[in-house]
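Quick heads-up: structures coming right below.
In the two complexes below, chain A is the common chain; its partner is chain B in one and chain C in the other.
This part shows the complex of A and B:
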């Protein structure tokens, strides 16, 4: 969620409520002989208002779980979540009289501070990281599709290298899918064979013998480079060495520039395609990393919010009890 | 070459929109995604841990309910720190006065007050190690700012008190009262501006030369000034009665006593002893009377009469006042050895500040004259020399601290009416089973 003009109504509404609450707090704090206290009628009023907003904040998870719910758009709920959440912090500080208390009250104040800080941190990340992902990873895909795309990239790379080296002796444990590689849809429609049969036939032929003629030494060199350095980088979780080898676009480009100097010209098309595949894999790694930053704060925000809700209920009941 | 023998044509990688779209696994939404799964799991785990973790505290196992306290209790209640129910006897309501009165008498404030506040309204607990008796001024001004509305027949002088400032707090009554002590005292004579020596005593004398702190008093009250301890060293001469200077160096002053008969007997005995030691003294002229006495009794009677006249009419009245003269002996108005205000009918006296407390000990760092500014110029014994309100303001004025709290000087409860409550075994106070 990006804070833009569409938030202005919520922002102004909450600012007005915040100012009103601040005025009420100042009036009450100046008149209270013992100073502001959570147990005073005004302190309890702030507590109930703050707790009500916190309860509403936690309903966002439920609303997201039922996207087709008629209770307003999720975007509207998110805007309310952001601004009412900040307002609830103010109300809880007024309830506590800006004291952090001790025991459970202290724990709750810390939890609330961490929850709010993580929420604000997430909001800032959501403002900047999506743009950054687009800049750094133009080949980005859906985050959930990244493992699938990586697998396909690896299969495609295998196929393309086999044009030079024949069978690589690697198997991902499944037959080449129809969508495995750039060739799959460019079959001859005039032929009576099914697309799958044609692909399988081509695969068998490719594995049987090199389709691009290079000398044996060059073929072995490409195979060695591919299996030891390039293919490990195309794994779902690349090794540290592979990640370092292709850690930025310059490194990828330099690596394949070197390969092109030692390999015959006939294999350069394959190398250029491998370079594109590695660059795409690298961008997916960048996307995955930034995605984890973009959503990682929720690991703190959501569980702590739920724990906070439970402990707030305990605090409310037992504070009123005593 | 047969078609089957021709090598496969290598086609360069082309990623068009269709190719990209067909890479997508359309069933991905149904698949589990570890990153999201863990978030969901933690979303359940954290509140469950919180609920289970809070359970022993909610059940109060091992004094666990202490974690729900909003702050440490005051030092005087530290004994009950982990026993909430010692004070919070009723659930979901304020601490009842009865819970406080189990230990505290809490005598009423003023018989004239209309409606008494709940204990907890003024004495707010869970504020850490604070003095519970030190309450905010607003608790006092709630009524005292408009006493007419909150009391029956309030004293007009103090009908509106809003702060410790001139015009908002009445002047100290003690400062306007005369000291009716029947004793002549001139502070200025004891505190001359220039140093000088009279009868071997260096003046000005230090305040503490006469006004000595009572070490046994928690408030550092001053001991009553007595002739024996504080005046005799300089003023012993006021007890001399030897008007004809017959006794010479062996002469001792008369005793400082309220009983004139005892003084008379002392004088008679002194001269009898002199006569016994030196019978020839009968021949010594007495003053301007050149005729010697006819006999010893006549001599003795004349000498005693003149000495008593000298002592009672000139010397004693240097400091004392007489009520009457009875059987030729004066009756000195009694001077009670008291600290406070003199009242003839109350030998125990009355405190100068009846509505307030003052601690000399708390002010021991300050020079006496900083507050008792008029001591050097006071020539009348009726001057009380108690500081005025303005004298307190440099320290107790607008400080924004507890220094300007009403409770610094005033106690709400009339402690003189406080009685000991029922005493209980220690175990009961601690909430434990007796051993």
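This part shows the complex of A and C:
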């Protein structure tokens, strides 16, 4: 979420509540004979208020589960989550009297600090990373589909290279889709052959002998470059060497520019296609990395929040009962 | 390739010789020489009990005629389960409210039967029926294939249901050329098919029309005997927008395109299939208005007119009276008027002293058609059609492929309306709702040329889901919300698609101006609601036609688990499409986005800045609002604005349009509507190239006149029209228009209204 002018009401509201709470705390702290204490009436009031807000914060995930709920938009709930979360930090500090305590209380304070820090960190990431993904990975796809897309890119690259080299001798298993080198086939009732049969026939024809005529040496060179350098980069987890070879758009461009100088003109269309495939693979890697950053902080924020909620309940019971 | 499939194919079975075919009693009257022209095009097949003859969803190009035995015809896909009748618990109600679940709709479903490619429709709650000897099935698929023969890649029509032999069944399987060239041309055979349809399916179709749902058997019998079955060829127009509507249509077979012409272009409202209907307006009784004008300004009176008597005179009194107080040449009660069919009867009363002049003849009793006028005393009386009740077609309907319709004429219906006032009320309500929808659509459609926008794919749609990639965190909450919204758990939204600037146009229904997805549904399960949202009903058989026809890939075929709990659930293919969350206040994908990245927009307004190719300098001062009669001195008026005016450059078309003046229609087609002027000029005429085309106005020339924006003035120029252009009653060749000026172009009368101030 991008914090902008549309948050101004929340900002002002929470600032007002914060100021009010601060004033109350100062008044209470100055008058308390032994200083502020979590067990005092004021301390407990701050505790209940803070815990109430924390409880509300945890309802965000439940709200997301029912998108059609009339209880406000998810966007509104997220804004409340952000600003009331910051307010709850203040209230908890007031409850604790700015002391970190011992034992469970200390653990809770640390947890809360980490949760708040991770939330703020996430907010900062959400401001900048979406735009970076859009700029750096225009060929992005759905994150869950990245492995499948990579596989399809690899199959497409194999197919393109085989136009020059014939059979590469690699086998990816059962193809998820049927490729025929760009041709489309339809059901032919007269011949009663399905598209799959025709595509397989085309594939066998391609593997049998080169469809684009180049001299043998050039074909061998392309095959070697492809199998040793390009194809490893099209794996789901490319090797370090392959990643370094194609680490930015300039590197991809330079590599294929070099290939175009050593390969005959007849193969340049294939090289252009391979360059586009490698560039897309590179962008998918960038997308995956930025996506992990954009969502990784949630693996800290959410579990710790759940733990914090449970431990807060324990702390409340223990504190009030004993 | 397609030609070979249609005209010659190995059908299997036993080919029949012309002698054998001529000997079949059902084909009596068809000469064997005719059979001889199509060798191998018809074959006899025998099926054992339980054997499947054809399956739903399979492509097919042949029709079947049941010679002997019987077959079962059914839809294998599960339909919506019957809802529990128990009232929900209070706690359930509360939790349902918190979850935002829509309330279950009570009452009868909109459809009670599933239309299929046979002589009978299947009941929705138990989709199975039996066909007996002498019945035909699969004819729609066969005729559709005939239409495809010219195409390189034919789109074959899927079977709409599964047919299984009940006992031993003997069928004739035939190619479409036999059906079209032989059987349909045999009067006796055609009549037999028609009688079968009347007996088995027509009543169901009639009852599916909401206005007819409560009709008695007697009335339905009356309609059934009087209904005509009429055929239309592919592309043939069935009725045109604006024509007098005098009949009502039910679709027995084929697809009908329903479209409306707007100033900005044509919009296809729907593709209707078997058992759908159109033309309820044709059953409305005629309703008129009478407008009286005196010789002096301000002497005008108007009144509605129906079949009841309306008394007109200088001091006529009562509810059904039109008083003309200014005309001393009229008696107190001078004449009466009443609607008779599509005309109005005028009759001078005995108390009316002076004669009434009609078509320059003094007459005591005569019939007046809408648009005509007569003179009584010193007052002109004009008969107009009531814009809210007039029986005029609001859309053009044309046949997409071979169409057969059931036609019911208004005169057959009119006599029964008095006995069934609830039917009258239902039809009037339909007309009112159609008129309201009309006005809503008119205001939604942009007035700039739709053709310009259609060049860009985005503009074909009226409602796009955009994802702002600068805000989207790729959390997929929108897709999850979509999946959670629909009972089948399948998301209609895919966060992939075309990119436009910083936006991603997500794969989601665009509510296109021309919904191609509706064209080939064999069971009529994909339809458009009044709000133009596309919905796919439960009885979809998953044939994939809609998915193949959607040019944007926004319809997907997914395997859904079915079963009603008593049988093992099996995955069945079904089409799924975004329906804009019609049951909810807003689309849930938008509601679920925590970052405000998902928005629904109307593309022509939202992308107006990119589309605007021109700029307009407008004066900041408010244009002087004067009457058409009183005009300040032109020279002084022209000097003053130049000193006081500031100029603003307007690039955004959405900001520009409201600033331009408009024309409010006072009489003519669609009175009360507003015509938006364009920049830099707007032309009027009957020709297709005119910006505003009035093809039916015989008094308008092909290019009659234009209004041009020059130096911040709007100038009307007559383009050498035959009947001239009038401004405030005076014929002009060129004139600056001012707010309040009344312009007459042919039969169109409009008022020039100022635009908004910037």
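What we mean here is this: the second predicted complex is superposed on the first by the 297 of 322 C-alpha atoms of A that agree within 3 Å, B and C clash if a C-alpha of one lies under 4 Å from a C-alpha of the other, contacts with A are read in each partner's own complex, and residues count from 1 in each chain.
Just so we're on the same page, contacts are C-beta pairs under 8 Å (C-beta built on N, C-alpha and C of every residue); 3 or more make two chains touch, one makes a residue touch a chain.
Values in this document were obtained by computation on a predicted structure and should not be read as measured data.
J.: Quick one: on chain A, after the overlay, do chain B and chain C clash, or do they fit? Just give me the call.
T.: Partners fit side by side after overlay.
J.: By residue count, is chain A touched more by chain B or by chain C?
T.: Looking at chain A, the partner in contact with more of its residues is B.
J.: Which partner chains sit in contact with A:295 here, chain B, chain C, both or neither? Use first/second/both/neither.
T.: After superposition on chain A, A:295 lies in contact with both partners, chain B and chain C.
J.: Answer with first, second, both or neither: which of chain B and chain C does A:64 touch in the superposed model?
T.: second
J.: Looking at the overlay, what does A:126 touch: chain B (first), chain C (second), both, or neither?
T.: Second partner only, chain C.
J.: Taking the superposition as given, does A:75 touch the first partner, chain B, the second, chain C, both, or neither?
T.: Once the two structures are laid over each other on A, A:75 reaches chain C alone.
J.: Which partner does A:20 reach: the first (chain B), the second (chain C), both, or neither?
T.: Touch status of A:20: no partner.
J.: Classify the contacts of A:52 with the two partner chains as first (chain B alone), second (chain C alone), both, or neither.
T.: Neither chain B nor chain C is touched by A:52.
J.: Touch check for A:142: first (chain B), second (chain C), both, or neither?
T.: both
J.: Here's one for you: vertex at chain A, rays to chain B and chain C, all C-alpha centres; what's the angle to the nearest 10 degrees?
T.: Computed from the C-alpha centres, it is 130 degrees.
J.: Once the two structures sit on chain A together, report how near the CA atoms of chain B get to those of chain C, whole Å.
T.: 5
J.: Residue by residue on chain A, keep only those touching chain B in one complex and chain C in the other, then list them.
T.: 141-142, 186, 295
J.: Contact residues on chain B for chain A in the complex?
T.: For this pair, the touching residues of chain B are 7-8, 10-15, 18-20, 22-25, 28-29, 31, 33, 35, 38-39, 42-47, 49-51, 54, 57-58, 65-72, 84, 88, 91-92, 122, 124, 127, 135-139, 142.
J.: Would you mind writing out the residues of chain A in touch with chain B in their complex?
T.: Per the touch definition, chain A meets chain B at residues 31, 33-35, 37-39, 61, 99, 101-105, 141-142, 144-145, 148-149, 152, 156, 160, 163, 179, 182-183, 185-186, 202, 205-206, 211-213, 269-270, 272-273, 276-277, 292, 295, 298-299, 302-304, 306-311, 314-315, 318-322.
J.: Please name which positions on chain C make contact with chain A in the complex.
T.: Chain C reaches chain A through residues 1, 4-5, 9, 97-102, 153, 469-477, 480-481, 484-485, 494-496, 499, 502, 581, 584-585, 588-589, 591-597.
J.: What residues of chain A sit close enough to touch chain C in their complex?
T.: My answer: residues 1-2, 6, 64-71, 73-75, 77-78, 126, 129-131, 133-134, 138, 141-143, 186, 188-190, 291, 294-295.
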